[in-house]
């Protein structure tokens, strides 16, 4: 077992991630491929896993988290847990800045809070351990349960630049955290999209990496909002239930089905789609539906290839037009 | 069967719609009355209906969709489908602009995407066919279902002015799309409200059309957000569940009940209320709860008449005051 | 029975409330302690309670609602009802301004609307009665129910300054309204947080009152948005279900579990947590996750003491640092 592979459970899916800067476009893309792991979960909850994460300075004034020295990306690696398990993170700060790692959705004591006022951060060059615990729902009164940790969460710095880590959040220190409930359906592919403010070194459409999947593959989208403005995440030709998993929990699930959702600072959600299901292969857009944000470059392509991985008719031309058109819209 | 009547299922209700410009007020109102249709749905899913829609230039620099030549409105007609059915739209572009029709919530192949980069738009003067398919939920693993298309959706141009159709969205090319699940309760009346940015030719309160219903009538509200700013839709004296239908799916439905909901660009929702139920007839406000938006004219009246259609005591005076007051607030 | 104690049901919990001004910080804090009340609800729905509320001018140009002369606070007192009951409010306007009280979530006729155009407001110095009725869900067709009034709502002025009461909303005339369903779990403590725009006399972090509870206490948070900007409410180390109660309604409840939620003008939500459950005692932050709002002072401390009420190790220092750090961030 390679404990420096953070993704848990290990699955046969590849991950591609990117950051979309609010009204400004993309900063960078990260690709992580996890090893195949046959069993979907350990037999019992309560396992503890250890992982080392490296916080590093990146070109262009950015900072990133990575699973090995020299491997930091923006966003950082997707971290996954089974509900009930614990993740013990050794954070190596290779930078000359104060920084930390602060999670949403899981349990931690004040010394893993990541907040300066709780004195739980890494000084420049310091290594420090953070412990994240997840838990299952438990009964309250009547039929009610206090909620567990399962969800599509995220993590980020809470110490760089300001008391709230505004500097780290602006410069790339964030990533997705998935806590799965036993029985959840595992995806084959996984994409992370972060909508954020304008940043240094931003890349806008059309210089955005494409997310790619084959027709029918189960793709998981992880959407995270950061910064100081509001966004709405829209995906063409695919939709999801506005609940914990994005799927309906039986025919009586009352959840609204949506294809456009608010993605404001500090919020996150996730969902799974079957790539091209009911609509076929092709080049599909995802974008912020705030009009001047999409005009400004908060847009990219979800390329659904044929089931055998080959290019569907017209897709090459569509990608070419997307790149050319947006370029024209930006500069012409 | 008149296939130029887009509303499906055809019902004995009248529709009134309007557009509320973000912080700026109303652009125009559209009224469509569908013919009585006794049966609520066809026996089996899978039917295909054909409809012709005309995109036209309107006074004041606006553009609209309509079901017959010279009948374009802002917003366009409400389009309805039963989940499982297909809608084949022949879009006649009578304008000198590039434009398209792009739906949320339903299935379409890339040549019905409406996006320029997929080359699926109407050139000036061109007629083109778009196919929208809807589908029912289907089982995934365990008790989970991949969601179907039933929902309160919307459609809009995706090609005018910019690569994302920003010009069409700003000038009136949008409308509501309702996909109903078999067994859904049909409304007696239907209103469309679009919160958008400032537009040319905007009409602000008090020059906003009133929505009218009789006490106890089942009224369906279709709310759509567009443009570049955020809004919150509030309706006085009525409320709804924050789920797919706006009603609770049995006593154990955990949905929050609300009377104020975010309505940001690209999002939509709908719900049904019994007009004046529990509160009586009278003049009730709906408005954006962003304070300077309502002050600026994003407000109107939902007039609940007596059950026999007569005017309730005080309502005339209230309407007069609303019109006078807002006028005063604008200019005084 | 003291009918000037508005809280209903009366419980053995203390309440602390505050207002967080959008990007600007806190205005003031209000503490109300309700008397012990052994029985959680009356036997049958349909009871009517009478209460007198005083609207008063406060120092610094603010206005507040209070349950006795000279006791007005910002926000006003938490008003509570059991679903099915009626609240009859005698509003005494001690100010020289036109004002009213307008509720969300409950039923009222036009003369209790609080809107100037319905002529339902208090003139300067005037006393006026408003009647709020709540109702339980009732069956519609099939398994569907029209929603009842149970929810985490709010009330506010709708008449001061402008036709929409913008002046009153900006200056403190608002508070929380809780309508409980029979069987709902009652909290031991209750906090109100209002995210609003910059106001006169605002207090920003670190001059914000702390919310305090002992480890394991059931704490209810009431969150309300007002004004003209968007916010996201985040609480460290605690989370809730995004539904009516914040708890899961059985293991199959599909609701997303969250710790960060949009809190835009006119919206409200509430939830209960067990203080420090799974994370231990200590000083935990709550803040707006819009980065420049938290940097500007929309942040405070939720102090979880040890179960016996004593101070946990490190908490004094954390509070000291929070106050010092934010002070530094503001001025240095």
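Labels A, B and C are assigned to the chains in the order they are written; within every chain, residues are numbered from 1.
Here is the rule we go by: a residue touches a chain if its C-beta (ideal position, glycine included) is under 8 Å from a C-beta of that chain, and two chains touch if they have at least 3 such contacts.
Here's who's who by UniProt: A, B, C = Copper oxidase.
Everything quoted here is computed from the prediction, not taken from an experiment.
Relative orientation of subunit A with respect to subunit B corresponds to a rotation of 120°, obtained by superposing CA atoms and rounded to a multiple of 5. Where subunit B touches subunit C, the two copies mostly use different residue numbers: shared numbers make up under half of all numbers in play.
Chain centres here are Cα means. That of subunit B falls 33 Å from that of subunit C. Each of the following residues of subunit B touches two or more other chains: 143, 230, 241, 245, 248-250, 252-253, 255, 262.
Against subunit A, the residues of subunit B that register as touching in their complex are 104-105, 107-110, 113, 115-119, 133, 135, 137, 140-151, 162-164, 166, 169-170, 197, 226-228, 230, 241-245, 248-250, 252-253, 255, 262, 264-269. Across the interface of their complex, subunit A is touched by residues 143, 183, 185, 230, 232, 234, 236-237, 239-241, 245-262, 274, 277-280, 282-285, 287, 289-295, 299, 314, 317-319, 321-322, 325-326, 328-329 of subunit C.
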